[in-house]
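Order of writing sets the labels: A, B, C and D. Residues in every chain begin at 1.
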Amino acid sequence: MPKALQRLFLGLLLLLPLAAQAADADYFIAAKANEQARLLQDWAAQPDPARLELLSSLQQGRIAPDDTRNLRLNNRLRGLVDNALASHQLLSADAEVRLAAAQQLQKSAQPAQVAFLDRRFASEADAAVHAALGLALANLQLVDSDPAVRLAAVRLLGETGDPMARTRLQALLEPGVESNAGVRTAAETSLAQVKRKLLFGELLGQAFSGLSLGSILLLAALGLAITFGLLGVINMAHGEMLMLGAYATYVVQILVQRYAPGAIEFYPLIALPVAFAVSAGVGMLLERTVIRHLYGRPLETLLATWGISLILIQAIRLLFGAQNVEVANPAWLSGGLQVLPNLVLPYSRLVIIAFALFVVLLTWLLLNRTRLGLNVRAVTQNRNMAACCGVPTGRVDMLAFGLGSGIAGLGGVALSQIGNVGPDLGQSYIIDSFLVVVLGGVGQLAGSLWAAFGLGIANKLLEPQIGAVLGKILILALIILFIQKRPQGLFALKGRVID
Amino acid sequence: MKRRSLIKAFTLSASIAAMGLSWSIQAAETIKVGILHSLSGTMAISETSLKDMALMTIEQINAKGGVNGKLLEPVVVDPASNWPLFAEKGRQLLTQDKVAVVFGCWTSVSRKSVLPVFEELNGLLFYPVQYEGEEMSPNVFYTGAAPNQQAIPAVEYLMSEDGGAAKRYFLLGTDYVYPRTTNKILRAFLHSKGVADKDIEEVYTPFGHSDYQTIVANIKKFSAGGKTAVISTVNGDSNVPFYKELANQGLKATDVPVVAFSVGEEELRGIDTKPLVGHLAAWNYFESVDNPVNSQFVADWKAYAKAKNLPGADKAVTNDPMEATYVGIHMWAQAAEKAKSTDVDKVREALAGQTFKAPSGYTLTMDKTNHHLHKPVMIGEIQDDGQFNVVWETEQPLRAQPWSPFIPGNDKRPDYAVKGN
Amino acid sequence: MNQPLLVTASQKAGPRWTLAIGAVVLLVLLALPLLSLLPAGHSLQVSAYTLTLVGKILCYAIVALALDLVWGYAGLLSLGHGLFFAIGGYAMGMYLMREASGDGLPAFMTFLSWSELPWYWVGTQHFAWALCLVVLAPGLLALVFGFFAFRSRIKGVYFSIMTQALTFAGMLLFFRNETGFGGNNGFTHFRSILGFEITAQSTRAVLFLLTVALLVASLYLGWRLARSKFGRVLTALRDAENRLMFCGYDPRGFKLFVWVLSAVLCGLAGALYVPQVGIINPSEMSPTNSIEAAVWVALGGRGTLIGPLLGAGLVNGMKSWFTVAFPEYWLFCLGALFILVTLYLPRGVVGLLKKRGEQ
Amino acid sequence: MRAIPLPPVHPEFMLEPILDAGSGRDAIGLGQRRGEGLDVRHGTVLTLEDINVSFDGFKALNSLNLYIGVGELRCIIGPNGAGKTTLMDVITGKTRPTSGKAWFGDTLDLTRMSEVQIAQAGIGRKFQKPTVFEALSVFENLELAQKADKSVLASLVARLSGEQRDRIDEILQTIRLSGSAQRQAGLLSHGQKQFLEIGMLLMQDPQLLLLDEPVAGMTDAETEFTAELFKSLAGKHSLMVVEHDMGFVGSIADHVTVLHQGGVLAEGSLEQVQADDRVIEVYLGR
């Protein structure tokens, strides 16, 4: 269909607002991909409130809200739908909708939309939307024929910390692009400004990823700090306790889906006690059947628990299959918080950091403020004496081991939200967990805390410089050297060595 | 060392079928075929389904009377994802069990491990997985894609208006030979299309890498410089954390599409697909392809999975390497019929130019000289049900170029199989 | 496998039949390669498959013995011996790759556009230098790691964890393609060794004989060490390091010596393993492999010389059988083995046999 | 390398310099230091001055001063937690003092020496819990303790000379274990292990012996025998014995030091010490 005809057709449609929507939809569906794209671009340049419903449906992959047929769009068309929809939403009465639309347009607006944006910019009353529209416009005005408009646009872009602004300004500064000297200097200043802001965002981002990695290490290592630090048991099956926790989450998810679909958003919260109970139960069972016989023979526990870990892995493989299982993030754990234009903090990671700290606090309270904690500490320090004082050492051992395993189960719930859930899940965490515990000082919660965050941040600082692998190796070498200086770890109690 | 053959209803007794010389003990003689896929260890996730697919195909062929009037007897061994063990088990299949042909291997390293054994003993291996090329052994038939049958068309699509007209390319891969070679070829190809080095970023992560925060931040930074596409050769388990991070940091498929070469239906089975929707994959076959051959193929497989009570049978899916296994076994059977023998040299000769109507909806041809299949290329968009929506495909099957013209020195390579390359 | 039987026999002046069995085992091992040279189809012919399988297990037996020297005698449980084994293998592999590629670069390098060999490949085309590397590379690594570890008195489980982390780091490093060792693929497709075709039966036979010789030599070495004052100091070190220190012995030197010796033995075993199985790649360094080696030793009986050999043979034999018969249950079996041995067989199979003998 | 028997030294000679043949040898030099070579011209074999040890704020030793003369037999007593074992740890180099001086003889600064160097210089220690090499035979235990070149290389090629064998036999007789020479040390009774450990100390032929509760778990007869043994050793060696058993202390000691809260509370003969009010207060409470 020739373009002129199409325009005419569109014009006619505009004259018939009532019929427009249905006709648009039919026309859109009938069109080929290329025509659909052109159509969307035209709609974006000349928005019509009547088309709003169609565009929102298109964004959902439907033709109309009540039409359940799936519409197959490709990425390019989806992008254009987003843009056209934003254009239409600028006509909304709701200032928040307009703001979101303006922000979308900052990314996606096309030169053909300048005239429309200009009109909206002039008539916009809300200050925030006005500013956002100004930026969206500025992006397009960099190529305006009027130097004064360009200068204003360049200055405005300098105020943002948007990575796209940097690219646009850089393009402007390419030799032969900008002829006006005043605009060039302004662009240079703006560019420096933008770069500074971006650097700040990047550094914050690195720090955050370090904290996030640290919190994951912490959750993985915390249970180990208890079983290894307090009981002296080298639990190589610790990783499998994490894995059990993650699988418990999976099972809970399925059960909730089947029996209480309404609560599906909160299944991770339901999974927490279940995962704790499953891991702790398995842990206590192992303690009573195997580990109990091996106290005081750490190397033997190491081998026996390795055997246990093999059995657990294979058992899970037979039960659930070798394939990874699907653990979905609920909506409140998807997406992220936009802090700066180049810094998004994913909700799942924020929640995990908070959760890790919460678990540490809980553990600390449990060990220092409860009868069980007192018993555990007593048994750790002098088993015979504790037994004489009437502390049931066997039971305490069992409970302490269960506690360590249960905490690993909690860690498993967290891990299921950011990575794979498969039979080998635990294997990838076991070495790191041991390093955290050794580095932090055995038996020291605070030590584990610092060691985990320290390792996480060090890892993330090194990764951009020398790559993930060399970074990891370098950190390992540093740990070995560090242990030269402080063989007992960061936070060891000094004291008479008992031999 | 007693092998364990999975003797199904159709095999009656153990018998030794040596090439040319065989004697029957009790009943009809069979032709032994070896299946060399890891059933334990890290690769079991992917390879177990290929073993089952091979068994199903063999069962179907036997139901139609076998090959040259003899039934096929599968000999299954487990190399346990242990590369030296592949060579050992390969040797066992060829010398102890005296199989006529072997279907197996997934990773390149496992293929490289058995290759000397097959060349030494003049065995025959069918390799069903897409790989980096740079190999053409007379003892191997490659039924998966070479780079020009997967990677290059995918990039051509990304460059097109429909694919988003990407200007910048972020090549992300797991650090092993397939991604490195593929990316090397892609870089040369991108150069030939006028993409400058500053618009190409190449990053590798170790196996099992699970923390993609830094890399996604880098992709974001890179994509601010212009319309960007990510070409992912990230392997296996690392995909989930990668896509999750991508989605959580707000990179959508409409902004930065990711096209993956190692993500198929089987991989999507264990994944929350929400964050992946809209991202792309390039293969030579998708389960969602709509044609009668494929419908039959998928239905057969689901029925087989249910009948054998395979784990996860209720969610059984087919994928590209499974189709390649299926095609490979049928091609071998046809060639053996044509040669009226299972002798390796005769079958090899008969395989050249062999055709087969494949589930992908095309009639595939085994090339006359280069031991690779002519294959169609399809680009699929991931949907939330774990299937792919085919958004683009080639008009006809492409001939494989195992020696990529984009790698210097390959122009001197012969276009036929020679030992020891 | 006959030397340790001689040892136990001489120690206990026990039954003569153990002596006889030992001699028979050695004879069989020596006969295997000769039988493999018989023409194909001969009823006594030993296939290349059997020969490489046994050869592989013998290499593992040497690793087990080496591990036992540090664990059984000196009480240092290393979970990183796979690293030394693999490094020895890589050193030999470098030579084999050079031999296969002639004057050019090894295939995997041209493939990834390396224009010249990295410095650490210099001289690897000479067999003699490769042999030196086989000894030096694992030896020096063990020396440096051991020096730091023993200096800060890392022992017990800390030592185990550190060695495990070490081999894990090694694995990550060798997986990188930039490291220049072929990444995940490692080295394969060897052609010849010292000009002899690597797939020739005679080459296989010679390699097998060399493995038997190394095993016997390591046994002899272990036997001499165990009977020297050095061996007694090691045992003392294992049981009461403080006492030993207050007796005026510096434990560091003793530990370092046996640690490096053990690493070198592993390296040699690795060097013999690679040409026989035809591939070396970083998965040999995976922590799992090293832990499995510990169970060979534990099952056989640590602190004895024959135990590790028995253990390596038993576990690998079982593995070969199980992975064919019940692939799904092999891990259960291996796991149960770990648990049962530590709970009920602290002295391993040898301990069990001895007890039987004493009754 | 047999010990050269020295004439018994009596307390009245304590302050007189003892000249010996080995004094020209550099005491801080490498190799095997011989007890005879120790420079003890001032008559004290051990000098501890103003020693402080603190563990995370807890003062285990607090400005402790202690002098032990050549050939002296000194008993250290004190309630639990008084710092007795920490004191031994400081002397043997296991614990570094936070501050203070520790000299062995006149020239060897213990705070700068490693445990091994200290042991080689001639200080032997017996642990509170008898510690012997359980997997080795009694004979081998003594053999390892014997004065000899204790380097790695030497032990690889070491062979026992007839003379060394005689010496081991001699000690075996002294500690009454001749009959059990080939028994595994782990199979000995508690008391026998105590004796074996003392025997190992004797094989080392140290200048100064530190003995932590040597008669714990011994029968009366064994205790009596030990007392005699120690008395016969005094003079030839210096001994520092930590003990709770007052009877035993009374039977051997001519000089007793009472430790309390990381410092020296009283010093003198047993009678003097027992008469001291502060000691009574510490032991019996108010």
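What we mean here is this: contacts are C-beta pairs under 8 Å (C-beta built on N, C-alpha and C of every residue); 3 or more make two chains touch, one makes a residue touch a chain.
Because the structure is predicted, anything quoted here is derived from the model rather than measured.
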item	value
Farthest chain relative to subunit D (centres taken as mean CA coordinates)	B
Selected pair, greater C-beta contact count between C-D and B-C	B-C
Centre-to-centre distance between subunit C and subunit B (centres being mean Cα positions), rounded to whole Å	35
Mean-CA-position distance for subunit D and subunit B (Å)	75
Chain centre separation (subunit A, subunit D; CA means) in Å	63
Separation of mean Cα positions, subunit D and subunit C [Å, integer]	45
Residues of subunit C engaged with two or more neighbouring chains	172, 175-176, 242, 328, 331
Where subunit A touches two or more other chains at once, by residue number	317, 469, 499
Residue list for subunit D, restricted to those that touch at least two other chains	94, 127, 131
Of subunit A, residues touching subunit C in the complex	234, 290, 293-294, 297-304, 306-311, 313-315, 317-318, 431, 434-435, 438, 469-470, 472-473, 476, 479-481, 483-484, 487, 499
Residue ranges of subunit C touching subunit A (in the complex, touch as defined)	77, 145, 148-149, 151-154, 156-158, 160-162, 164-166, 168-169, 172-173, 175-176, 242, 287, 291, 294-295, 298, 328-329, 331-332, 334-339, 341-343, 346
Complex interface listing, subunit B residues touching subunit C	1-4, 39-40, 77-78, 80, 82-84, 87-88, 91-92, 95-96, 107-109, 112-113, 115-117, 120, 134, 175-177, 180-181, 184, 204, 206-207, 407-409, 420
List of subunit C residues in touch with subunit B within their complex	47-50, 52-53, 56, 108, 110-113, 172, 175-177, 183-186, 188-191, 199, 277-279, 281, 283, 320-321, 323-325, 327-328, 330-331
Subunit C contact footprint on subunit D (complex, rising order)	92, 94, 114-116, 119-120, 124-125, 127, 131-136, 140-141, 143-145, 150-152, 155-158, 197, 200, 204
